[in-house]
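Order of writing sets the labels: A, B, C and D. Residues in every chain begin at 1.
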Amino acid sequence: MHQYVGLIVLFPLIGLLINGLLGWKIKNEKVIGSIGSGAVGLSFALAVAIFIDMLGAAPEQRSHVVELFTWIAAGSFKVSAAYQVDQLSVLMTLVVTGVGFLIHVYSIGYMHGDRSFARFFTYLNLFIFAMLNLVLADNYVLMFLGWEGVGLCSYLLIGFWYQKKFEGVTITWTGDAGNKAFWVNRIGDFAFMLGMFLIFKEFGTLTFNEVMGQADTMAVGNSTVFWITLLLFIGATGKSAQIPLFIWLPDAMAGPTPVSALIHAATMVTAGVYMVARNSALYALAPDTMMVVAIVGAVTAIMAASIGIAQNDIKKVLAYSTVSQLGYMFLALGVGAFTAGIFHVMTHAFFKACLFLGSGSVIHAMHEEQDIRHMGGLKKVMPYTYWTFLISSFAIAGFPPLSGFFSKDEILWKSFADGSPILWFIGAAAALMTAFYMFRMVTLTFEGKPRWADDKHPHESPPSMTIPLIALAALAVVGGFVGVPAVLGGGNAIHQWLHPVFAQAEKTMALPEHHAHTTEYILMAISVAIGVTGWWVGRRMFLKDPNADERIAAKTGFLYRLLARKYFVDEAYDAAVVRPVVKTSDSFLFRFFDVRIIDGIVNGAGALAGWTSRTLRVIQTGVVQNYAALIVVGLVIVLGLIIL
Amino acid sequence: MSSELIVFLILAAVGVLSGILMITRPNPVNSALFLILNFMALAGLYITLHAQFVAIIQILVYAGAIMVLVLFVIMLLNLEDEEPLREQMSKRHYGSLLVALLALVLIVQVIGWNSGGTLETMREQSPHALRIGTVEHIGSVLFTEHVYPFELTSILLLAAIVGAIVMAKKRFP
Amino acid sequence: MIPHVLNVVLFLPLIGAAAVMLARRSDSAARWTGVVFSLLTFVLSLELFFGYDANNPAMQFVEKVSWIPALNVSYHVGLDGISMLLVVLTTFITPIVLISSWSSITKNVPLYIAMMLILETAMIGVFSSLDIFLFYVFWEMILIPMYFIIGIWGGKNRIYATVKFFIYTMVGSLLMLIAIIWLGYYASTMPGGEFTTDITMLFDIAPTIPLGIQGWMFAAFALSFLIKVPAFPLHTWLPDAHVEAPTGGSVILAGVLLKMGTYGLIRFNLQLFPQASLEFASFLSVLGVVGIIYGALVSMVQKDVKKLVAYSSVSHMGFILLGLFGVTVTGLQGGLIQMVNHGLSTGALFLIVGMIYDRRHTRMIEEFGGLARQIPIFATFFMIVTLSSIGLPGLNGFVGEFLILLGSFQSDVLGSPWYVVFAASGVVFAAVYMLWMYQRVVFGVSRNPENEKLSDLSIREIGLLLPVVLFIVWIGVYPSTFLDKTESSVQRVVEKLEKVQRGEYLTTSVSEQ
Amino acid sequence: MVPIHYYLILSAVMFITGVVGVLTRRNAIIIFMCIELMLNSVNLTFVAFSAYLGNETGQMFVFFIMAVAAAEAAVGLAIVIALFRNRQTVNINDVNILRW
């Protein structure tokens, strides 16, 4: 089956071409939506088929490379448009197409009546196309194509309602938010490109298999590999919204909600995690980078979670939650738990997509209202949304036996066992905050008394929106069972499945086996307790007093403002980077250097010639006698020279 | 002082004086008449140089044809007198005068007052001088050796005639 | 096979120019004549592309006729992969330019068409000359039509721009003329040598010039080409020329004329003066890198869209310069494909700016906004071309920039990764200035009521942009079509330089012999 | 005997007289006549050399110079007439159209 992998990528491409070129003529939303969703559905079906096919094969025969054509070749450099079908990429493909398909279906309902309906589905298909290239690529360059491609889609979709205003630091329009996302991503991509150059210089190839093959013989701690992995990781911080490049993701919420769910929660932002996992063999060679990854992940997790506490925009809360969860994933990667990271990518895709779609359903019902302080009591009005939202919230808070529990717990356990207790502590603290802000949000949105204006008439969303919600909630419930750890008597199927991909890295790192289950049980209990505490506090506090925030703000003062204003990171970047660059470019480089100095010299040379001529022109009086007199003067001079 | 020298000096004095008077008269007619006198003196000098044919041509063409044409134009235009030279002398005029005199000094310096250089051998006229100035000799040389320039001269004169007519006649409407 | 196809391609536009002047009674007759001739030239030039044997690094389609026997100057033309690609680019762009001026040029139409066709002949001549003297003649011949195109059909400040353009170029090319004469003279001092300007001969002779003199020769040639490129800090003629030139002039200027500079650097500087090239490589690469960043930063703060695109050219051409002087096959191939890319994408950007200028008679960014709603087709094309310009993978810009950066990163001549580190930051800046401009022009809401009345692109305008976009995607997805053609020629250039670097190339000065 | 210097110096004096006239007078016709004077002074030099060298070429020159002078007179005076017709003056200070 694997040789048909090209078709998985081709279907969304066909979908986007049909909708993009003929969408304005089709006009019928049903048809456009069906084409868009159908294309992704077909890809998903094919991915499932390949997956089943692979299940039937022996573990060592599950990895294949399908080469389509030579893409770029110059000198010693050659890359192909080739796809690598292995356990990791198939898993990611399943998540991307599966969740993607559900969100496509949801969008048919959500985008109903939008004048750019076809454009929206074109972009969504383009995104799936790019994302599939990213996860299926067998070399860095093709991966980079997907990498930038998803960035482009993110840009296009954030600014999809380009005539809408959006508030943010130095942001007025949704398009500005799109630009910010693209620019910040580009900074990451810049590092990614440098990483690629360095890889090519070191290994002479940019194909994953060949690079990993050569890496097998390298020594741990190689400094080139350190730089390679660090640069790639900086690329990942851009795409996956980690410190220091996380600032774009909260503003990316300017886009339509399905976009937030698909791109800015479930798939694209996990690309960095996938990329690091794909290069696990290289990272294993660079323990220093691994440390950086782990620390960045942990710090991002707690920082974003703390910001999430003080946000009132339903999508902003979820956005910071996403950043925080991504931090977990990197924490996992950093301590060498690649499987756990990918596992969390998968479960996170389920429950976060569900949460975002649920929030979209709420926003839809509330007529574009996003402030949770003006909601409340929606439980009765929109039960499907409420229940799915609640289930997903429990999942993210890590309540057993929901999916989030297994993946998050594995990360925390590994960070304790293979990392350090400090990392575990930060992770646990972030988990507490996560549970707190999630239930603060759930309570403010759905419970208590309605606080919305009288002219609003919330209603439950149409089936095209609720069915994906239910499907995702179901996945959020059962998704974790593929990774039940051994201590709980599970086979940890996902670990088994992914093991061949990470075998090389694990061999290099040679992590110790942990046989003492006691610690694991204790930690598990603690994390369950944390989840329950967060839920209880969050629910109690805000059920009693929906304005509890104001009391806290009054009490803590600056600390609260710090959180509410997101640690002033945007302002700091603006003052430290954006403004100085623009100002220097404008007043020094352009107005002074270009116009005054260079053009000054050029025009000065011209002016000098002009001045000389003007001076000499004085003798050109136009009076014949003067010319004659000058002739005589010339005669005198010539004669004088003859005599002398 | 030989008689030849006396004749030369008289003619030279007439030539120089008439030249100076020519350039200083306010009235163009007077100037023209002094110029004719100057040409006469030159014709005399040509005679002393045994160039009879040139002397005659000088009278005929210059004093006769050209100067008559000039007088004719002056009268045709009915010009008023220019203001006296004295009153219009400006810095520029003095400058010109100075430069011109300087040029004269330098030219004379080049020639040498009475001696020096290659001119030293030319204290007397060539014995051939008598022969080459005759009409017969000039004619034979002109129509043999210099026949091409001579014929070309006719084209030049034709062009001058056409040019003069074109420029002097009234414009086409 | 068409016999003497290069001669035909070279002179057909000139014949076309004569035909246009004969048909000058009616503007539309002149337009049609011009378009027919330029399209015919393009079709014939396809024979050059498909008939070119990619495995043969030698000059092909060679024509040689003695011209000035006393100086050994001959009409000697021929193509290798490098020049073939640029010739086809020229013949591709010219019809587009002619059609683009269909309704925007109304003054003295036949003369405009004729000038464009003369320009085409001159440009093809520059790329195909195998005799420096002939090259110089074509090089200078470019100036005349360009002078008139900007000077007659340009904007308000056109005379200033024209004179600046003219004098900048002249300053460079006069020094080049001196160097050409010196080269010819040097050839005559070789044992049994005679005065020659034939580069196939000079390729062997010139590298033996002692390094000191070679440096001066290199500088004389390079100055001329760097002005044309234009490399920082010799670029200030470009924004003025672009802003004042009519759309067609801008397109041809960005699309082809700038390439003459980089082409000259490959053809003459690298191949005639290899030792000096290696000496100067890091200096020129620094100029390239500074140009990339400087152009991008200055571009960012422009208020006039056309000026912004003009400065972005400085940035893009900086990449090419870096690619050439990294002296690797990868980098040079990238530089070459980037020349084509820049011609396509910046050319298309100027077309697009011209289209909006025709409608609104302004190019100020602040005047627009919300165009996506009024004129969506325009916005779509604008988006694709913008993305190509910022080097999005899958479109052409990426292939060129990536190969250049990759090549220079491996370069032994440069020997330091820092060039690439700084140059790659241009990729970030490119996204900043292009998308910022795009955001302000196309997204948001209209800041001027005039924008509400705009009409979307006509069939003619779509027809202009479609082929360009097609090639933008083509090169992005399957660049091998073009890279394969140039590979062997580039390999030959690089091998020569590598030989020199290893010291294998025999350097013998005249005095030693 | 009269040495050739005398003729040459006389010629020079007359020539400079003509130059002074050209430089100082304003009436175009007088300037024109001054030029004739200069031409004649040169003629004198030619004839003198012709006589002293015994070579007729000098006189040939004079002959052709006269032809040229005649042509010049015709054209020059035509110009003066045209000028007067257009400007009602022959004062060359008023005629400075050479100045751009």
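In the analysis below, a contact is a pair of C-beta atoms (placed from the backbone, for glycine too) under 8 Å apart; a residue touches a chain by one contact, two chains touch by 3 or more.
Owing to the predicted nature of the structure, the values given are computational and were not obtained by experimental measurement.
Pairs B-D and A-C differ in how many C-beta pairs touch across them, and the larger number is found at B-D.
Centroid to centroid, with C-alpha atoms defining each point, subunit B and subunit D lie 6 Å apart.
Between the Cα centres of subunit B and subunit C there is a gap of 68 Å.
The centroid of the Cα atoms in subunit A and the matching centroid in subunit C are 38 Å apart. Work out the mean CA point of subunit A and of subunit B, and you get 102 Å between them.
The set of subunit C residues touching two or more other chains is empty.
Under the contact definition stated at the top, the residues of subunit D that touch 2 or more other chains are 19, 23-24. Counting partners per residue, subunit A has 625, 629, 632 as the residues that reach two or more other chains.
If each chain is drawn as a node and touching chains are joined, the picture fits none of the line, ring, star or complete shapes. Annotation, chain-chain contacts: A-B, A-C, A-D, B-D (touch as defined at the top). Chain contact summary for the complex, subunit A toward subunit C: residues 69-77, 141, 144-145, 147-149, 152, 155, 159, 162-163, 172-176, 178-179, 182-183, 186-187, 189-190, 193-194, 196-198, 200-201, 581-582, 584-586, 589-590, 594, 598-599, 602, 606.
Listed in rising order, the residues of subunit D touching subunit B in the complex are 1-10, 12-21, 23-27, 29-30, 32-34, 36-37, 40, 43-44, 47-48, 50-56, 59-60, 62-64, 66-75, 77-82, 84-85, 90. Residue ranges of subunit A in contact with subunit D, taken from their complex: 620-625, 627-629, 632.
Every residue of subunit D that touches subunit A in the complex is listed here, in rising order: 19, 22-24, 92-93, 95-100.
For subunit B in complex with subunit A, the residues that touch the partner chain are 92, 95-96, 99-100, 102-103, 106-107, 109-110.
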